[in-house]
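Before I ask anything, let me first share the structure, which is written out below as structure tokens.
Per-chain numbering from 1; labels A, B and C assigned in written order.
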Amino acid sequence: MAWHIIALQQLINGLALGSVYALIALGYTMVYGIIRLINFAHGDIYMLGAYFGFYAITMLKLPLVPAMIVSMAAAAVVGVLLERIAYKPLRNSSRIAVLITAIGASLLLQSTAQLVFGASFKPFPQAMAFRRIQLGPVFMTNRQLLIFGVAVLLMVILHVIVQYTKLGKAMRAVSMDKEAALLMGINVDRIISATFAIGSALAAAAGILVGMYYNRIDPYMGMMPGLKAFVAAVLGGIGVVPGAVLGGLLMGVAENMVVTLGSSTLRDAVAFAILIVVLLFRPNGLLGKKGIEKV
Amino acid sequence: MATTAELMVDNLCVQFGGLKAVDQVCFSLKPQTLAGLIGPNGAGKTTVFNALTGLCPVSSGQISFCEKQLTNEPPHTIARHGIARTFQNIRLFNNLTVLDNLRIAYHQNRQYSLLCGIFRSPRFKREEAQITAKAREALDLVGLADKSEHIAGSLPYGEQRRVEIARALMLSPKLLLLDEPAAGMNPQETQTLLELIRKLRDELKITVLLIEHDMKLVMNLCEELFVLDYGHLIAKGDPKSIQSNERVVEAYLGGSWA
Amino acid sequence: MNKLTSLISGAILLFIYLLVQLLERQGILLAYHVQILSLCCINIILVVSLNLINGFTGQFSIGHAGFFAIGAYASAYLTVTWQVPFIFAIICGGILAGIAGLAVGLPALRLRGDYLAIATLGFGEIIRVIILNTDAVGGARGFSGIPKYTTFGLAYLTAIITVVVIRNFVNSDYGRACLAVREDEIAAESLGVNSTYFKVLAFTIGAFFAGAAGTLFSHYLQYMAPTPSQIGFVKSIDILIMLVLGGLGSITGSVIAAIVLTVIPELLRGFAEYRMIIYPILLILVMLYRPSGLLAGQEFSLASLAQLFKGAKAHGNHS
């Protein structure tokens, strides 16, 4: 195969993977935009989402779409609880304290999942037969199409919520200026909860999609994609919603390109190399706004 | 007085995005003057301080001090050239003791090397003793000798302001910039502050430039005043002439002549 | 007074060492116990050196395992391939890690708080991936056949040196400058402290000791595996947990936490299983109720103990 065909193929694979990163990155970026917290546990919510989906399909015998909705709802509840229990009491503490708490929350979710669901991986039930869709010289699998389609659909819904609903307006107001929003009569606590709920639901959807894509889920599956999605959010400009999507897609493509070019173990280093480069040369990300520190 | 100016600010502009916070400001200070920078809220006074101390970038114009160019030098370099400052919203190291707050500020005069510090050489011990003595001296000067072991953040507001001044003195500065030193002080404390600032100039031969809203303090203390309004320098001169300056009165009308 | 307390401290430290030697010779302490004690020492080095970066300078790094890994692998390569004397290998391991610390410290100037945390985590993972892809150090198979040069005595001595050096550093003007950067970078700069320089310095020194700890570790276990729990983020977070529970900015706290959290999982078999549930809960609780750690910025020393006695005898007797 000619190199450009391989590259095109990897571009398609990269877009599918990237749309998953984008879904997770959205949660990071929304939470960061509102309370300036890197929610380290976000990747583990994604993992929980995959498990919720797994049990919804295997135990409740639900079809894929209802299972996904159930899982998203359950993850949203976990996200909100997490915020209420672990983060909210620390809202006025130092950022380091909150960050340590977030790391703690992440570890806790991981090890609880390991205890409850077992440490070994589970095969994810397949909701559809594997098919290839030929697109000229390259192909796309029906799973990739599903991932891409669901991701785009969810992002459109999110866009509508953020841009056109009262909730979205309030979210944007809180992320701009919490005090002013409070004075305008916005219930800031509720908006923060809503943000966690939406972000967690998106991550849960991503978890199920990835479970289907790779055919397996395990309690540690959230760690790496979580970190990478965070990098994607930073790459796009943290706090900027379209930035998370752009960053996610770019990350997915970049990773797949590196796999094509060289070793697949280097793949995990790509994300962090990107991160360090971005932070050094464009710390506000591709679509980020410049912030001024007040003296 | 044929002495040349110590601080020269020439056409200073500071721009934040589209906003010109400081616009073509020119002024100079002779050694050992007590000068005031006044103006309504939001006039750009603190921004001038920040530009002078390297905390915000100068868009254009020049700052020179003792005939050295300091425009856009990093803050620590500017501090080394002898400009010390305090902050409007007090920036003490709140979790450290008062004494440590002061000892930190001796940093640029420290002579001993890293290895001396790690091995606690005699030189290290000698110099540390000197640093502590100097810090106590500075505390004594601002009348807080008995507070050296207190945690800085636990002191009352007025004392914190004085600690901050003492800390700035540890740099052995030639020019001291005070950002609203009397804010939150009662009349009695303000009077003590006024005497302290005079003493600093008379005994330590320091030039002082201060931002202050307490007009009584400003008029009593300062020998020269600069008035800023919307980033422009609208007047300069001695307190008498400023008080009768029409533009100044106009700028303050409707503003807070507090 | 000062001389006396250091003399007493020295005597106590020597006594502990001789005691361990004696008990080992008598067969009361088994090789397994001595291994735990040595791991305690290695963890003390790691936690105290991380404390310099995170606790005293306020630069939140969670990539400490990266420096540890560099020291462990580089020194092992040196002793295995070049048969370098061990003491030289320790120093080389430290210096190489220190250089890496310099390289990480430089970008640190631009990053704050959480961004820096992620970048250092990323750095640690990059190191691991590089090791994973380097055949000269065993790649994914792990690095085996490392000579056993580390003894308890050596680990013990290195731990003492680390604690003393970092304590003296922190109590000098250099350390005060680091504290100033942690407390308020803008104020520090306006007082003439070159914050960039001190961030890099803290990273370099911290990394140096982490590298030395890595050297001791690889030459104790004689095998290194490029897994997250040995040289990756799990290890970094392990060190971080010890640091936070002991208290950011407390050297004594670091030492105690390193010992307790190394010994407990070994003693309680059942505990090991729930370790990763208990630690995070502890972490969250500490942040909620005592965010500065259990020994918040407090130091315990013979001098302070003596002060306490003196205080009890005669009130307000200042030195």
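What we mean here is this: a contact is a pair of C-beta atoms (placed from the backbone, for glycine too) under 8 Å apart; a residue touches a chain by one contact, two chains touch by 3 or more.
Computed from a prediction, not measured in an experiment: that's the story for all the values here.
Asker: Could you tell me which chain lies farthest from chain B when each chain's centre is the average position of its Cα atoms?
Answerer: Ranked by distance of C-alpha centres from chain B, the top chain is A.
Asker: Of the chains present, which has its C-alpha mean closest to the combined C-alpha mean?
Answerer: So the chain sitting closest to the middle is C.
Asker: Measuring from the mean C-alpha position of chain B to the mean C-alpha position of chain C, what distance in angstrom results?
Answerer: Inter-chain centre distance comes to 40 Å.
Asker: Provide the C-alpha centroid distance between chain A and chain B, rounded to the nearest whole angstrom.
Answerer: 48
Asker: Which whole number of Å gives the spacing of the CA centres of chain A and chain C?
Answerer: Between these chains, centre-to-centre, one finds 33 Å.
Asker: If I count partner chains per residue in chain B, which residues reach a count of at least 2?
Answerer: 55, 87
Asker: Which chain A residues touch at least two other chains?
Answerer: Only 295 qualify.
Asker: Which positions in chain C are in touch with at least two other chains?
Answerer: 186
Asker: Which residues, counting only chain B, touch chain C once they are in their complex?
Answerer: 53-55, 74-76, 79-80, 84-85, 87, 91-96, 100, 103-108, 110, 112, 114, 117-120, 124, 128, 131, 167-168, 170-171
Asker: Could you list, by residue number, the parts of chain A that touch chain C in their complex?
Answerer: Those residues of chain A that touch chain C are 37-38, 86, 89-90, 93-101, 103-108, 110-112, 114-115, 223, 227, 230-231, 234, 263, 265-266, 268-269, 271-273, 275-276, 279-280, 283, 295.
Asker: With touch defined as at the start, can you tell me which chain C residues reach chain A in the complex?
Answerer: Residues in contact with chain A: 58, 60, 62, 107, 110-111, 113-115, 117-119, 121-123, 125-126, 129-130, 132-133, 140, 186, 233, 237, 240, 244, 248, 276-277, 279-281, 283-284, 287-288, 291.
Asker: Applying the document's contact rule, which stretches of chain C touch chain B when the two form their complex?
Answerer: For this pair, the touching residues of chain C are 165, 168-169, 172-177, 179-180, 183-184, 186-195, 297.
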